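As structure tokens, the structure follows; a few thoughts come after it.
Note that the chains are named A, B, C and D in the order they appear, and that numbering of residues resets to 1 at the start of each chain.
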Amino acid sequence: MQDPYNPAWCPGCGNFQIREALLMAMEKKGLRPNQIAIVSGIGQGAKMPHYISCNTFNGLHGRSLPVATALKAVNHKLVVIAEAGDGDIYGEGGNHLIHAMRRNPDISLFVHNNQIYGLTKGQASPTSVRDLKTKTQPFGLLSEPLNPLLLGVAMNASFVGRGFSGDVERLSELMVQAMDHKGFALLDILQPCVTFNRVNTFAWYKKRVYYLEDHDPFDRRSAFERAMEWGERIPLGVIYKAKRPTFEEGIPFLLKGPLVEQGFDLERVKEALLGKKEGPGG
Amino acid sequence: MQDPYNPAWCPGCGNFQIREALLMAMEKKGLRPNQIAIVSGIGQGAKMPHYISCNTFNGLHGRSLPVATALKAVNHKLVVIAEAGDGDIYGEGGNHLIHAMRRNPDISLFVHNNQIYGLTKGQASPTSVRDLKTKTQPFGLLSEPLNPLLLGVAMNASFVGRGFSGDVERLSELMVQAMDHKGFALLDILQPCVTFNRVNTFAWYKKRVYYLEDHDPFDRRSAFERAMEWGERIPLGVIYKAKRPTFEEGIPFLLKGPLVEQGFDLERVKEALLGKKEGPGG
Amino acid sequence: MDLSFRIAGEAGQGIQTIGELLVKTFSKMGLFVFSHQDYMSRIRGGNNFYQIRISERPIHSSQRSIDLLLALNMESIPLHRAHVKPKGMVLWDSSRSEEGQGEGSLGIPILRMARELGGEILGNIVATGALLGMLGFELEPFLEVVKGSFSEKGKEIAEKNERAAYAGYEYARRECLTCSFEVCSPKGEEKRLLGGNEAIGMGAVLSGVRFYSAYPMTPSTGILNYLASKAEEFGIIVEQAEDEIAAINMVIGASYGGVRAMTGSSGGGFALMVEGLSLSAATETPIVIAEVQRPGPATGLPTRTEQADLLFVLFAAHGEFPRVLFAPGSPEQALYLTNKAFHMSERYQVPAFILSDQYLADSLWTWPGIDEGKILYRDYRIREADGTYKRHRFTQDGVSPLAIPGIVEGLVVTDSDEHDEEGHITESAEIRKRMVEKRLMKLLHMREEMEGPTYLGHRSPKIVLVGWGSTLGVLMDTVETVNKKIPCGMLHFSEIWPFPVSKAQKAFEVLKGAIGIGVENNATGQFAWLLRAEAQIELPWKISKYDGRPFYSDELSEEVLAYARSI
Amino acid sequence: MDLSFRIAGEAGQGIQTIGELLVKTFSKMGLFVFSHQDYMSRIRGGNNFYQIRISERPIHSSQRSIDLLLALNMESIPLHRAHVKPKGMVLWDSSRSEEGQGEGSLGIPILRMARELGGEILGNIVATGALLGMLGFELEPFLEVVKGSFSEKGKEIAEKNERAAYAGYEYARRECLTCSFEVCSPKGEEKRLLGGNEAIGMGAVLSGVRFYSAYPMTPSTGILNYLASKAEEFGIIVEQAEDEIAAINMVIGASYGGVRAMTGSSGGGFALMVEGLSLSAATETPIVIAEVQRPGPATGLPTRTEQADLLFVLFAAHGEFPRVLFAPGSPEQALYLTNKAFHMSERYQVPAFILSDQYLADSLWTWPGIDEGKILYRDYRIREADGTYKRHRFTQDGVSPLAIPGIVEGLVVTDSDEHDEEGHITESAEIRKRMVEKRLMKLLHMREEMEGPTYLGHRSPKIVLVGWGSTLGVLMDTVETVNKKIPCGMLHFSEIWPFPVSKAQKAFEVLKGAIGIGVENNATGQFAWLLRAEAQIELPWKISKYDGRPFYSDELSEEVLAYARSI
């Protein structure tokens, strides 16, 4: 039914460019389709893996990160990417995001941040501007927008960056950097939603974004500074990096190779487990 | 059954002091028991309201904030406090914490942060030290501890502070400040767990804590600095404040008084709703 | 007269706009209208349709066979043409293709005309006008609707739209030589329309809801939108939560705080509320939950319909406690049952459900307007209580006084742990036992308040269709059709839990000898199973549909007749 | 010989330590042991107990009446004395009170002796020694256990403990003039013990579990602890998740990734996994879930027992899909059924449940050791597949090939939305219908693999106790007692879903004429309800317990006999 080259997106949607950038990044990294697994939630952006040739786990709204974390842990040879929407990952899935940053699995998270709920038709998202009036925000949005980059730096996420769908080439570069990074990489991608977001349009973003230069992502204080910048000027690029061991590196027996390749020897387990007597409480 | 003066805590537990401080704070504020409502989750610290004379909603593990937010919204005359554990609010309830900070309801959150799961017998919590070995962390804790204050500053929470159960007097002062603050106040309270946390003991905290002086909580950059401080020296006091409208202030008809006192006039509603014809889609 | 139209095209082409203009127009004419929507989970593209049926007599369902297809794009023609009746017509936009569409079709250069009249946006009006012209209705009611819809946008725009309506209408009248629809000149009064989600929202407002929190989820979002639109006027706090867990916990907090509170979602979102449900039960905090079903498991078919969450909702959450469940069969029932849900929830301090589905949510029915006498309202909250107040006092019927914290002098204490009468945590076996009994005791009285099934049809039927929830209308229309051939009736349940056992058994007794056929929009026959477990009633046959689409009454009639012939 | 002891005191006093020393000692002696635990949701204070029953014949439950109460604090004496048999004894710590405790009691200055022997920590050993002395057992086996337990801590500590054991033992032998327990000198081989949570963990390890993620929750945490203790040795990733939603989604991710994966929780935590359950179903990803019940609703009684989540777990999640549910009756069954759960889950690509409860989780049974032939293991994962691979291919039995992403050449694509054979999202009515049928089709084969109930008791019983899950042992022991008065039997179900309908019906046929009594550790009789719905079997009477405590076999026997007399 689903033609991979006929995505269910509105003409003009930023998601098309994100897809292009992703394809480009995969090519740059020289990855074969079966070496990649894309895990996604539910939303417009989260439909992505259906339009890319790759292993795909399109799971529940907000729940891509636990799935991706475990997938990487059992097969660390796979390149694992999570594709999410802003509602998906900063709203429904907010708790998993925080704890993924703490765990630091070697996966990349690409957030299609259109500052709105697209698939469900235009409600405010956690990154929407304050006071936004929608059909479900009768008093205007009463919450302050979440700043994903600031959150990432505060949580000491090991890679925090921002891209813009309007610049496919450099977005794909950022994606490559995120994938090359050993650890959890949060890449927030500004993505115009031409149907529901009348505030943060392509032109709105275009006028404001600039690429960071001479910025040392390992300098946390300067990362806070850059992450706080939002308004007239919006920085793009890698905002923050921290050297941290990955989740998989903490699991001793993964040194032997991917868990999924380690096999299961029932006889050996029986022997080891039952050979000696078990006391109460094991 | 439950004698309010015989709490189910271990002798020597920091929770006793937090209770004392809370009673002191209530007295300082001159509050009668029925003017306060304490909402709590599940855990050792979350048992608190049972040992204080007040309106009590002891709800689910991790879910105190949504309950407290709504309670305050429908009756903003009540002083609403949420009491939570570190597992409770930074683990299970992490998503609500983030979004409560965005919403900024006028409630105070007191976190009994013992850096461990007490009630379930000693598993690592989101604030436990990395590499901690417990019965459920066979490889040692593979996650980095969450820094609640840094999270609060990054989320632009309107009040972020830290107290220590070992100093009842000043803890009660901080509680008063949190309650006096108009908006969401996160007060993280360092609390020794004498039974399960052998790392962060009373002595460990005692040696490190100091009170902030000459610190302007409205200075966000300096707040980041102070919030990052953790190790040899641990700052106590109000780390950060931001001037923001509260959630309740955004709801226009609450100007008339608490919603719960506004009454319901069925005849008027019928008239208004049914007097005119409803088109499709209402 | 009994005519069905389908407006089909891509998402984003304005299908819903045309549909709504039409149902308004027909209602203005005084006709009975039934409409439903069939759409994909996407914002642009794909293929959606809006189906409308009209008659001068009451109608309650859609039919598979249609008299007129309005195809907004070329792809819609092959997709839907098979459903057009032999004498029916296809109306298409000839500015989109050079190729003719053969007999039984009329091409109108909709987009071109629209552009000439002032812009493509007028296409919807041109098309609607054309459709009315082909049918042979008067244009006047439509012009009024157009005037009403665009008057706020200024005179110029309103006039442009009127001209577009006129142009489409005239073109069709002139060109459609083969159109031969028999339409009556309706004389009835202007009719009202009511939609499923809207009805739940109205029911809630009329019940005094003051707090609604939800996380958007198709097909329940309409309730959220409706209540948001009424929030300021009626002093309702409407808050989009960060997730469904927050939504239900907020609602519980608001209700504990003293106001009537509600949440809504679809199955997947409700799945996240299950722990919260148990919290409402343990603390005996009244809440109302609308669960608007869509096909599962998991994300399933987000914009489609199914009745597969019945047993899930009935047994959701750990531990044992009473709950109420209504499954309305029509928007009208949805309104009254939402009101009854609040009434029961507040009276017995239990969670109450409205179990709806996408079909009902997105359907419009003609309805007579509200019968005000049917609205139940009594305030059960206690506003005065002294220091001896105990939130969970043992009482004869298990219902304890429900006081408002901060308003009463006494303290309102409650706990998700097992608690004593005061609400404080307890480990006592004795108190635990009594608390379980206290909570379950309420079931006795609750069950008495539940209505039994509705019977419609032949006095001594050979076949009885048994259904629940949103299939009411389709069962009504099917029975009417089938009855012309063999004696047939229908038994419909909309008050499901606590199951009205003896009322159900009595209803079936009367029908002894008839063959019961369970008709359910699911695969496993959940209601039939419930009937067996609760009332020892066995249905020998079932008709199931589980492709995400609703039953159509013409289709169902055929299936029933085929079965009747086979026995 | 059939003796019961209860060790009671405050949380934190070492009740569990004493209990475990004793059960190890008795097992060493070759005795059959049954123990269970009763404790409060707190870390210090309150009142907890550990109950042990021993015999030279197999025993399977606890008794309400005890022969010996070891009271570690004074509060325990009034709380438990009523349960001490007329000829039983109370052993208490006379260093805690000046007042005598009258006849049938022996005061020993436990703490004082411990202090003299080198520290209060030795009190547990003194008390245990005293208990064995009062009973008149030999001390040797206990000394061995003590040696084993403390050898790692150095010679000095080991010796101190041995001396303490000896001191307590001697004191009791000397002072207890009224002690007259009839104890046999057991000659059997040393026995093994198995606990409920441990058994589930062992079953998982033997089934090749490689990923376990959970969020701590009493009474399921023991499974997590067990697997964590085996993690390094057997290469199992054990991860404490941030919440239960993460836990189940991780488990699904791990299983999608190609390894066997499991999670566990209690009812409230499982409530949060319900959406994840539907994800496992939609994507046909095998997972195993242990739900260790405790009394609800909501937080309920966190450390106590109940069987009230049966219908919840059976119908949890929106949409319709097959699942497996086992409710083991003993640790031994828990081990084999966990293995069978993995087997079924992997074979049919469905979620499988182990439904346990606190009583079973914290009970220890003597067991004969593993019957290796009973362990099922077959690897159903596909490690070779080319580019034509389709994750959800339509097959005759509904089971599609389950390949490992990254390992096979083809792409492994799946979706929580309804999908086509390749795993891509679809809106097609036709495919949807076939996918529903594909998934439900598996039920046919699954049901065939389910065993029917176990019958034990009289050949032509007048009364049959019908139970499921953790009540197995109590039913066994009750039947033995009741049978001495009237012909009685028991029918126990541990393989619950897909319900083995015909096997159940056959089992009941044999028992025609007998009166069935449903015995359930809940208030509403959920299993009896299921029996009616699934197999049209009606149980005329029920015995329920819902105060958070388990059934005791002496208590239950009396209740059954009282009922028998009344009819």
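Basically, contacts are C-beta pairs under 8 Å (C-beta built on N, C-alpha and C of every residue); 3 or more make two chains touch, one makes a residue touch a chain.
Predicted model, so just to flag it, every value in this text is computed and none were measured.
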Between B-C and A-C, which chain pair shares more contacting C-beta pairs?
B-C
Option in B-C, A-D or A-C whose residue-number contact pairs overlap B-D by over half:
A-C
Chain centres from averaged Cα atoms put subunit A and subunit D apart, in whole Å, by 40
How far is the middle of subunit C from the middle of subunit D, if each middle is the mean of its Cα atoms, in Å?
44
Centre-of-Cα separation between subunit C and subunit A, whole angstrom:
37
Where in subunit C do residues touch two or more other chains at once?
40-41, 46, 229, 232, 239, 242-243, 245, 268, 275, 279, 283, 298-299, 415-417, 427
Expected list for subunit A, residues touching two or more other chains, is 42, 59-60, 91-92, 94-95, 98-99, 126, 139, 142, 251-252
Give every residue of subunit B touching subunit C within the complex, in rising order.
1-2, 4, 33-35, 37, 39, 42, 47, 49-50, 53-60, 63, 65-71, 73-75, 77-78, 95-96, 98-99, 251-253, 256, 259-262, 264, 266, 269-270, 272-274, 277-282
Subunit A-touching residues of subunit B, taken from the complex the two chains share
91-95, 98-99, 102-104, 126, 139-140, 142-147, 150-151, 153-156, 220-221, 224-225, 228, 244, 247, 250-252
Per the touch rule, the subunit C residues reaching subunit D in their complex are 40-41, 46, 245, 266-268, 270-272, 274-275, 277-279, 281-283, 293, 295-302, 304, 306, 308-309, 311-312, 314-321, 415-418, 427, 429-430, 432-433, 436-437, 440, 522-524, 526, 529-530, 532-533, 536, 546-549
Subunit A to subunit C touching residues, read off their complex
6, 8-11, 42, 44, 59-62, 91-92, 94, 117-121, 123-124, 126, 135-139, 142, 195-196
Within their complex, subunit D touches subunit B through residues 12, 40-46, 215-218, 221, 224-225, 228-229, 231-232, 238-240, 242-243, 268, 298-299
